[in-house]
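Have a look at this one.
To keep things simple, chains are lettered A, B, C, D and E as they appear, and every chain counts its residues starting from 1.
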Amino acid sequence: MLEVYDLYSGYGKIEVLHGVFLRVSHREIVCIIGPNGSGKSTLLKSIFGLIKPYRGKIQFMGLEISQKDPEEKVALGISYIPQGRNIFPSLSVLENLEMGATPLRDPLKMKKAIQEIFDHYPLLEKKKRLKAGSLSGGEKQILALARTSMIKPELILLDEPSLGLAPKVVDQIYREIDLINHQGVTFLIVEQNARKALRLAHRAYVLDLGVNRLEDTGEGLLQNEEVKRLYLGG
Amino acid sequence: MRKIIYSLILTISCLAFSGVYAQETYKIGAAFALSGSIAVYGEGFKKAVDLAVEEINAAGGIKGRKLEIIYEDNKSTPKDCVTAVRKLITVDKVPVIFGPAASSNFMAAAPVAQENKVVMISAEGAAPGLTKAGEYIFRVFPSDVLQGKGISDLCLRLNFKEVPVMYVNNDWGMGLKNVFVENFKKAGGHIMDEIPYDEGKTDYRTELIRAIKGNPKAVVNLTYIKEGAVMFKQAYEMDIKVQWICGSAAKSPKLIELAGKAVEGIIGTYPVFSQETKEYKAFRAAWKRKYGDEKIPIFAEYNYDMVYLTAKAIEKGGYTSDGIRKALIEVAKGYRGVTGDKTFDQDRGVGSEYGVWTIKNGQIVDYKKD
Amino acid sequence: MLELRGLSKAFGGIQAVVDFSARLEKNRITGLIGPNGSGKTTLFNLITGFIKLDRGEVFFKKEKIDGLLPHEIASRGLVRTFQLSRVFPRMTVLENLLLAPQGQMGEKLWALGLKRERVRDEENRNLKKALSLIEKIGLLPLKDEFAENLSYGQQKLLEMARLFMANPEMILLDEPTAGINPLMIRKIMDFILTMREMGKTFFIIEHNMDVIIECCDWVFVLDHGEKISEGTPEEIQNDPRVIEAYLGT
Amino acid sequence: MSSFFLQTIFNGILAGCIYALFAIGLTLIYGVLNFVNFAHGELIMWGAYFLYFLMDRPLNLPLSIAFLPALCLTILLGLGSDRFIFKPLRKASRLTLLITSLGLSFFLRNGAQFFWGAEIRTYGFEIKRGMKLFGVSITPNQLAIIVSSTLCMILLYLFFYKSRMGKSMRAISDDLELARVMGIPSDRAIQFTWIIASFLAGLGGILLALDTNLHPGMGLINLVKAFAATLLGGVGNLWGALLGGMIIGLSENIAVLLLSPGYKDAIAFGIMVMMLLIRSSTIFWPKE
Amino acid sequence: MDLFLHLCVMCLIYIIFALSLNLEIGYTGLFNFGHVAFFGIGAYTSALLTLHHFPFELGLVMALTLSGIFGFLLGLPSLRLRGDFFGIATLGFGEMIRMVFQNEVWLTKGPMGLPGIPKPTLFSFRFATLPQYFLLTLGFTAITFLFLRILIRSPFGRVLKAIREDEIAAEALGKNAYRFKIKSFVVGSIFAGLAGALWGHYTTFISPNDFTLLETILVLLIVVLGGKGTEWGPLLGAALLIFFQESLRFLRLPPEYGRYLAPLQQMIFGALLIFMMLFRPEGLIKERGRRVYAGTQRVE
């Protein structure tokens, strides 16, 4: 479904990715792990088009998309959830969902999709009039996930969903990801907190200093001592 | 739009031909406000000057040579007045200049003329002390010292012993206000409040409210045309019923055009000259011939007289600034112009009497107490 | 050299740094590691006065420095760098370096008039030093270029040289090797080690474990704002708590 | 005496209504594009002059017909300034934008002077005495101002909180990057922001000119007041802008009764500078 | 010839004015939109003192001192503001000072203005004629230029540039950015005051109308057009603009069209500002790194 081929990218003068290869198949959860500064987030942003890659190919369902704008990619069925600030804090929960439903276009469909979300997450319905900024960290992450899954994208690019969350909350987030995946959505997740992500992932890549070092199934990498070495040296 | 295109074309063609001007004329400089905040007045002055020049030239000019006016825009700012006068003196080498209208602008430029020993004449400057810069500086318009007293007398005559005074916060307004207040107090009057206001604003309601705070019967308002138009309209809307007493600067058909029935019944003073003299009648006829039904703008008569006086001075004293300076005093002695007697006093200014005008049925008429 | 006692900071209810205490010895290189968002940079900002502390005390050379302004702390000999290189883009390489020395006479307005000789001498001294430094980092041909025209790695090197020029007693480095190629990383590590030999003290945030292992004498590990471990790099590598923080449970 | 006071308060409220319209436009542009548009004042002024142009010779249109085209022209001016000047500078620093908008403001102000001169102009309606209400005189124009600005407020509220586009605009001013990521068409929303801001500026300018007069300098002085109102009410806050506008309008009118009227315009400046200094430590200090 | 000298004097005064603004905008990154206030303070101080028969020397010194003091007082609070808000605050300050000139009649004679400001006498030499005044302004311009040049080439100026580039990084290097900004602001204000004083004694008449936003725009345009952050930029900018402005007088335009000229010219100024920002934000002269240092010998 998604293929990244020899991708070079970075911010202005700072080249962060020096030739990355990647493949994601339909309905897979693929995880990218790696230490800080290895270029994981840069990779996601480059795939989504927030950064224009210097060179290399990105193909989505057979289509070359490396120079397309984010708006076009949303239309193609790719969604992206950035790390950290990923909701509109001064809009209400309901309004956040409405904003997320933008690509659906048809107001009736939007309404239906939002109602489905509320059915699935009663918590969000209870708080729908509150400003999203007042939610807890976990609730924000759920809101971001719900908002994105609502439009039924083909592929969700998810950047560090566990950042700054307590371990119990992280478990909950991962359960949600798993659920959404079972509805047919493909995931490409960047994680630093590797083990939880690896347990969930079908396959995983390890990124280090802007190139991919290892590729295996999630379970396989969990056992791999090399991963620990990459993280902690040795 | 068409005017603009023409102006552009003219600019270019004038540039090309600027060297080919005939030299056989007596050139006089005029640093007028052709743009900027008081350009409303400048246009009228220019028309009056043009009329006089046309007449003189039609009558054979001065000793066979024609008069030519070189207009220089002073942009209504002191800075550009100085530059304009300097340009007239050094580039066009004129011995005499018709100075800027507003007193502050005139006073900025006067030292330059004095320094270069070039005669400069004001046809509208009313500020006391306008000609202080030196012996080359003249005015054919009476000083506000006289008008201030005139307003004070008018108030007392109409039995307004207590009035607030509003004035436009610039050199003219404040100068006149000072003379008025001084005279009024001396004569036993009481000033209830002094309210300066800025030029060129669009809302004077609060100032008006403040003026009528003590329920005065009359308010002295030393205003220009545009500010006056705004104020009287707003006073009318707010149903303020007081007797307005103005100065000379508001006496204009333009005020009626702008403010309509709101200015009905206001009265004011103005330097008076009889409109019954043959000089004035001739002027009015000439104006009508040249400009049709257009109303005679404020102070046009003074500009007209200024040109004639200058022409006579050139004829008598020769085309040098010292000649003009000396001859001006002589030719003016006992000269009856459109605006009456133009004899210069020792400060190179002229005297005048003050009359009272009012607006009745949309016309400016002499005020008669009924 | 530097003593931290119970530093704490919260941003809008979220604890960024929790009760962090540490002693950093003179002439040592101390590392600070931890997953993204664990509060490392915040800790640096707290020490150097860029962010106000909620609680805690900072002592530098036995002197209390918390509550001082950033430039006051810097002029006492505790200087930091930033995650992204912060050279002054529209100043030349040479100017960037000449800016660094502390307490320059020529920066005082009155001295420009009254002590011209001294200002000139001082400037000449600094110039000589700066030029030799530029030569050492191999930027001599570029000395009159605007810093914005350098490559990112060169900018980082310039930043290092600037630190050298500033000659502080202690340096806090925030990810000195981020975003540059291995060759440059080597150069920067050499720089750090040379300066240590000259008696400087370092506190380094670094993700590249190879750098940590090679340079650091002692390492602190931060997770969710809390210090979860400390020790030599070898100890840290094998500490299960650290592994858990990085790789999860 | 009390009727004087009431009249003053009424005038203050009237001015406040109009300032609020200006302030909302200003704060919208600031919220979405993150810079202070100095040329906003000139949109106000041109709005009024467009109407004058349509009602003057040779067109001589009546107010009811000329009103909408005048607003449309103002909107076009706003959109044009974005398309040709601010759009190419989208990534430029705030200071570049500040200088640019200062230049644009100067250009537009003198443009108006070029066509219509520096004199005060009026739409030339016949003047009417105001009706008396509790000793306060109110003209039909003033009534129109209060009604239409209240109406505008309500419509704006509905727009921002009920319509998709309004919500998108709020989302964008919250976080432009995230909005793009979510496929919210940011270009269209930015255009819409300009449309609304210019609409409010044009409407306010016309109302102001109906109540008072037209003058090429009316933009700048009202911009300052709008800015002071924005700062008072909090940047990006609809109700805050209304409240701030009222406070400025009232305080400057009351101040004239107490201080020298020469300082009337200084009141807004004073409030503005004071707010900048008070708030600097909290809102406007750069986030590090 | 006299007109040419006159234009030169105007040009020189604007050069001083622009140089002082360049120190703030170009070298320190302070976008001061109220610079004309200090121009006005300088003009009024010197004019008032000499009109009360104090010597010119004292008037000048007091003009500089007062401009500096006001600069300090304004800088103290407003320099804590972020860049664009600083710009707006100074814009407000500029207007407020003009209103003070306009309304404090007991001091400034308000809108009447101050006529008859005496020509300067420096060490009992009277600069009365145009060439003499030209030399006087030339002297002061040279002093200003050299002084500011020494300043910006000194380590002090280097710190200012560093603050312009990155205030935070400058702080991290131990520079007290706030204090340096105040110093720069005060020095800029002092020289603006000098320009104002020279202007007042030159025209011999000043009134509040001389100190409006138009002057701010003009001087800002001079700096931006010439090239901010360069030593010669303000000179080039001032020469271009002043001579452009005055050369329009020589278009023998029929007076009926004169009305269009002033706004047209100011439209051009506004448009120029926009065009510079769009297409050449660095100005006609581009800022370059310095190659010669205080030690003067060029190190190869």
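The rule is short, and it goes like this: a contact is a pair of C-beta atoms (placed from the backbone, for glycine too) under 8 Å apart; a residue touches a chain by one contact, two chains touch by 3 or more.
The shown structure was predicted, so the numbers you read here are calculated from the model rather than taken from an experiment.
*Asks:* With chain centres set to the mean of the C-alpha atoms, which chain is at the far end from chain E?
*Replies:* A
*Asks:* Among all other chains, pick the one whose mean CA position is farthest from the mean CA position of chain D.
*Replies:* C
*Asks:* Quick check: more C-beta contact pairs at C-E or at A-C?
*Replies:* C-E
*Asks:* How many Å are there between the centre of chain B and the centre of chain C, using C-alpha atoms for each centre?
*Replies:* One centre to the other, that is 73 Å.
*Asks:* In angstrom, rounded to a whole number, how far apart do the mean CA points of chain D and chain E lie?
*Replies:* Centres of chain D and chain E (C-alpha means) sit 32 Å apart.
*Asks:* Using CA atom averages as chain centres, what separation in Å is found between chain A and chain B?
*Replies:* 78
*Asks:* At what distance in angstrom does the C-alpha mean of chain E lie from that of chain B?
*Replies:* Chain centroid spacing, chain B to chain E, equals 35 Å.
*Asks:* Which chain C residues sit where two or more other chains touch them?
*Replies:* 50
*Asks:* Could you list which residues of chain D touch at least two other chains?
*Replies:* Touching at least two other chains: 114, 117, 260, 262, 265, 288.
*Asks:* Among the residues of chain A, which are close enough to touch at least two other chains?
*Replies:* Residue numbers touching two or more other chains: none in chain A.
*Asks:* Over in the complex, which chain A residues touch chain D? Could you list them?
*Replies:* 48, 50, 70-71, 74-75, 79-80, 82, 85-91, 95, 98-100, 102-103, 147
*Asks:* For chain C, which residues are in contact with chain A within the complex?
*Replies:* These residues of chain C touch chain A: 14, 35-37, 151-152, 155, 175, 178-180, 182, 207-210, 212-213, 224, 233, 236-237, 242-243, 246-249.
*Asks:* Quick one: in the complex, what on chain D touches chain B?
*Replies:* Residue positions touching the partner: 1, 4, 7-8, 11, 15, 114, 117-120, 122, 126-130, 132, 137, 139, 208-209, 211-215, 217-218, 221, 253, 256-257, 260-262, 264-265.
*Asks:* Taking the complex as given, what residues does chain B use to touch chain D?
*Replies:* Its residues touching chain D are 4, 35-37, 39-40, 169, 195-198, 200-203, 205-207, 209-210, 212-213, 226-227, 229-230, 233-234, 236-239, 258-262.
*Asks:* Would you pull the chain B residues touching chain E in the complex into a rising list?
*Replies:* 3-4, 6-7, 10-11, 14-15, 17-18, 32, 34-36, 39, 43, 46, 71-73, 75, 77-79, 82-84, 86-87, 89-91, 104, 107-108, 110-111, 116, 127, 132-133, 169-171, 173-175, 196, 198
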